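Order of writing sets the chain letters: A, B, C and D. Residues in each chain are counted from 1.
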Amino acid sequence: MGNYQGMMTIVSRKELVKDVYEMVLEGDAASFIQAPGQFINIKINDSLQPYLRRPMSICDYDQHHIKMIFKVVGEGTKILSEKKIGDQLDCLTGLGNGFVDLECQKAVVIGGGLGVPPMYKLAKDLVEKGVKVTAVLGFNSQNDVFYKEEFEKLCPTYIATMDGSLGTKGTVLDALKENQIEFDKYYTCGPEKMLDALVMAYPHNGYLSFEARMGCGFGACMGCSCQVKTKPYKRICVEGPVLHSSEVIVNG
Amino acid sequence: MANLRVKLPGLDMKNPVIPASGTFGFGYEFAKFYDINLLGSMMLKGTTLEPRYGNPLPRIAEGPSGMLNAIGLQNPGVDAVMNEELEKLRPLYTDKVIANIGGSAIDDYVETAKRLSTHDMVGALELNISCPNVHCGGIQFGTNPQMAAEVTRAVKAVSQKPVYVKLSPNVTDIVEMALAVEEAGADGITMINTLVGMRFDLKTGRPIIANKTGGYSGPAIFPVALRMVYQVTQAVSIPVIGMGGIASGRDAIEMMIAGASAVAVGCQNLVDPYACPKIIQEMNDILDEMGIEDIHDIIGKSRQY
Amino acid sequence: MANLRVKLPGLDMKNPVIPASGTFGFGYEFAKFYDINLLGSMMLKGTTLEPRYGNPLPRIAEGPSGMLNAIGLQNPGVDAVMNEELEKLRPLYTDKVIANIGGSAIDDYVETAKRLSTHDMVGALELNISCPNVHCGGIQFGTNPQMAAEVTRAVKAVSQKPVYVKLSPNVTDIVEMALAVEEAGADGITMINTLVGMRFDLKTGRPIIANKTGGYSGPAIFPVALRMVYQVTQAVSIPVIGMGGIASGRDAIEMMIAGASAVAVGCQNLVDPYACPKIIQEMNDILDEMGIEDIHDIIGKSRQY
Amino acid sequence: MGNYQGMMTIVSRKELVKDVYEMVLEGDAASFIQAPGQFINIKINDSLQPYLRRPMSICDYDQHHIKMIFKVVGEGTKILSEKKIGDQLDCLTGLGNGFVDLECQKAVVIGGGLGVPPMYKLAKDLVEKGVKVTAVLGFNSQNDVFYKEEFEKLCPTYIATMDGSLGTKGTVLDALKENQIEFDKYYTCGPEKMLDALVMAYPHNGYLSFEARMGCGFGACMGCSCQVKTKPYKRICVEGPVLHSSEVIVNG
């Protein structure tokens, strides 16, 4: 029997840009994490409300710490943003497959909005393995940009904003082209539209991390099963969130 | 340590706590969390004759103290369940399981039941005539007493194991449904399935669940489940496995007071993978505190009122 | 400042927020908390022909994210309501109210409606054919389409004001009920009433509510209410006032997206006496944030899906 | 328009005996209280769970403070007992009629279990008015006894315990008789059985404070209406919780 559950203590909380928080959790359950791109599933409150856990990507981790970055979009994230240092959260950790295939020469990590966080630890690991890494981060506008400096410390980093207020005007695809970024593998997380566009542009050599509304996060409910080309289905929470571009069914 | 052992048709259980169908996969997923032999029994994910992918995503939404789902009976089909899923479970679980059967035509139920009831690990069948998330079929059986009786009778005719029928709460008269399936030969009743509900996205106006409606379950439906179990157990003489919103040992005991002979725990397993062992422990503690030595002393305790 | 004004048969309301029957007394109790003229309208406590004491105590229990009640239509009778209660309200409230009528026989409904519909402060009648807490009558009308149609037709024949019929959620097919009362001449539908539920005392095994069952309402029933309002508004062409679990401006807007032309707020008034003015304010804020200038732009926004 | 609602801050919390807590709340809403025997209705959590407010008697008060004593019996009182100093509670205050007729020569205040608290401020007020006051407090056992010293500082105080471990063995009625307590009025709060016994023994000259499961606590829901001899009904939360012995219908 393994164990994927533990109480984690909030040890830091910082508002990066409006409504976007970075939070560091401390606790032994961090040790269950095995790969960048995995996620944790957080019970927001002791009480029955909100009822379901909230899945969050792991932005960075070590044996005792998990860093996440989340945006306040509803009740659960609102409550989470109001937690105090020292508060404890019941977490399931080390969920999902994560990015496990880091074999390549030149990698580009592509994050869109709240898809940026899991790219951070991935980029760190790739750099550590000696891979040449470039980062492309897409946001709506300059005011939404976070973690630019953090990525710049790791690797060459390009920004795309929809309104052109910073970097390339347009999507991450526009930034990829404008900056003629070369890569033999890409790794990405972001809004579904962005992932779909990437799959269509680069169908052969990418790993994409998907989101789905989840009942459990650990394979029990079939709430997150999506159709793929290679199998009848994959559960985003177990056989995902990371899928290979070759198996993704666009709008699937 | 109160005696928690209960015997029901086809099931000799060390305690009355059973994970509910659809919230426990085929059981083995939970073996990474705890020793699943702690459980009284388990209800397998709804199984159909043919493999089903189920409904498009999103399949999940939330409500106050509960969740909505519209999985649409995703499952690999009866043969894969028997040959693959149950084989994965075999090394991890020694007691009998309850196989849950979904379908959209009587023949499907019959054929699936025929096969599953031969499996050595299966102690009993549970007919899901109440899945609100499958178009054509499913819920019609669960809202029409004649059709419910018909499918019950047909399955009883072929099953080598006791047959439980799972009732839908989305009816005007749950007692009428219960009497119909009892009369048709059901060995037991399991209840309740989910209440049909909906949520909407404020920005787009679109239903959050792709299937539009979903099944609402969790603590929010607990008072409705208690009422229905109370009404049904006053009316029938076959045992009832009560479920709907059980999230603690306290809830489980209240459900048994209402009349249930055993309980099933549904979506609380999803929120807390350790829900069932916790509930078993809490039941024990509460009975000890109340000075009750045998769980049978609380089953249907409300009947006198 | 979005335009919140909505017009419904008999009601010209500055906003679509109405306290639900039975949770707001005869209105004047709340004047100690705020200026009740802020409200769109108000639904009075259910009124019967004769005075009623109602059910024995306890009448209240609790569930997850909701409460159970079995008041049993306690009220001073139609004449006292017209001559005393409404006179107490008169100096405090200038808009039209919705009089809620309960009963156990058609003649009771008819006679009560005849009298109440003559009152100058009454803009519309609401027929409660769905009270789960009154033995003999009440809920039977609410679960049988023929009977629902019959009582609607009889009241329409005598009423000088538009008639809304209040539907029970405790039915297999809510659309059938809605179509029946529309066909019988109802000017509008109000929905949903409470879900029948129960709770038990662990020590004694006794139902907590003396009446045994009670009506479950509050946020816990919100997804069920949304689903039913969606289904009914797709099927009928008379307006629907949506209620069931509304506790915030967000909820009110979701209910209107589901199809409701106005909303009623029930037991949240009991938990927070300021619930209605808060909800009106929140609706305003959310519409502003969404850039919506007229509440009509969200009514039934889900219809396209 | 009046106002009966306000946020109150927890400024002290003390476990008096097992599971019984004394808590002091501070805030302007205390100023709405007009008489001993009134109660407050507390929203335990910000969230929807528990849903209803919890009614609690006022044990003592001034313009800015409310003291209450409560026992942990379920979910709501459990959460309340775990609140921290500085936490805020949304309270409706000054609810119910309270004890308003303090005209008498010799009063006995009779509290049973968690009915003891409202007797405290009442006894203080009676003493202040120059009434000769005696207190009789009933508990199950010596281990449950609280506020004995507090009452003794105010007036002669007798204890009854069901198991005889302190004071008179038996009920408060036994203690009244055993100590031949003289009174022209009695004031009481406690379990319904005790109140019923008092009404039957002394039908003419008492004020009794009742409990009922409440939906609102301010007269809107009719959840608490009980039948009385003088009217079709009285709402425990508005025309009560204090009823005169002559109007009480035993087992009503």
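Throughout what follows, contacts are C-beta pairs under 8 Å (C-beta built on N, C-alpha and C of every residue); 3 or more make two chains touch, one makes a residue touch a chain.
For clarity, every value in this text was computed on a predicted model and none was experimentally measured.
Asks: Out of A-B and B-D, which chain pair has the most contact pairs?
Replies: A-B
Asks: How many Å are there between the centre of subunit C and the centre of subunit D, using C-alpha atoms for each centre?
Replies: It comes to 35 Å between the two C-alpha centres.
Asks: Indicate the whole-number Å distance between the mean C-alpha point of subunit A and the mean C-alpha point of subunit D.
Replies: 55
Asks: Quick check: how many Å separate the C-alpha centres of subunit B and subunit D?
Replies: About 45 Å, centre to centre.
Asks: Touching two or more other chains, which residues of subunit B qualify?
Replies: Subunit B, residues with two or more chain partners: 61, 63-66, 218-219.
Asks: Scan subunit A for residues touching two or more other chains and write them down.
Replies: 48-49
Asks: For the protein chains shown, what form does their contact graph take: line, ring, star, complete or other?
Replies: Here the contact pattern is complete, since every chain touches every other one.
Asks: Residue numbers of subunit D touching subunit A in their complex, please.
Replies: Contact set of subunit D toward subunit A: 45, 47-49.
Asks: Residue numbers of subunit C touching subunit A in their complex, please.
Replies: Residues 64-65 of subunit C touch subunit A in their complex.
Asks: In the complex, go through subunit D and note every residue touching subunit C.
Replies: 1-5, 43, 48-53, 90, 92, 212-216, 218-227, 232-233
Asks: Which residues of subunit C touch subunit D in their complex?
Replies: Result: residues 22-25, 29-35, 45, 51, 53-54, 57-67, 69, 71, 74, 76, 208, 218-219, 247, 267, 269-274 of subunit C touch subunit D.
Asks: Under the stated contact criterion, what part of subunit B meets subunit C in this complex?
Replies: Going through subunit B, the ones touching subunit C are 61, 63-66, 68, 143, 170-173, 195-200, 202-203, 205-207, 212-214, 216, 218-224, 226-227, 230, 245, 250, 253-254, 257-258, 286, 290, 298, 301-302, 304-305.
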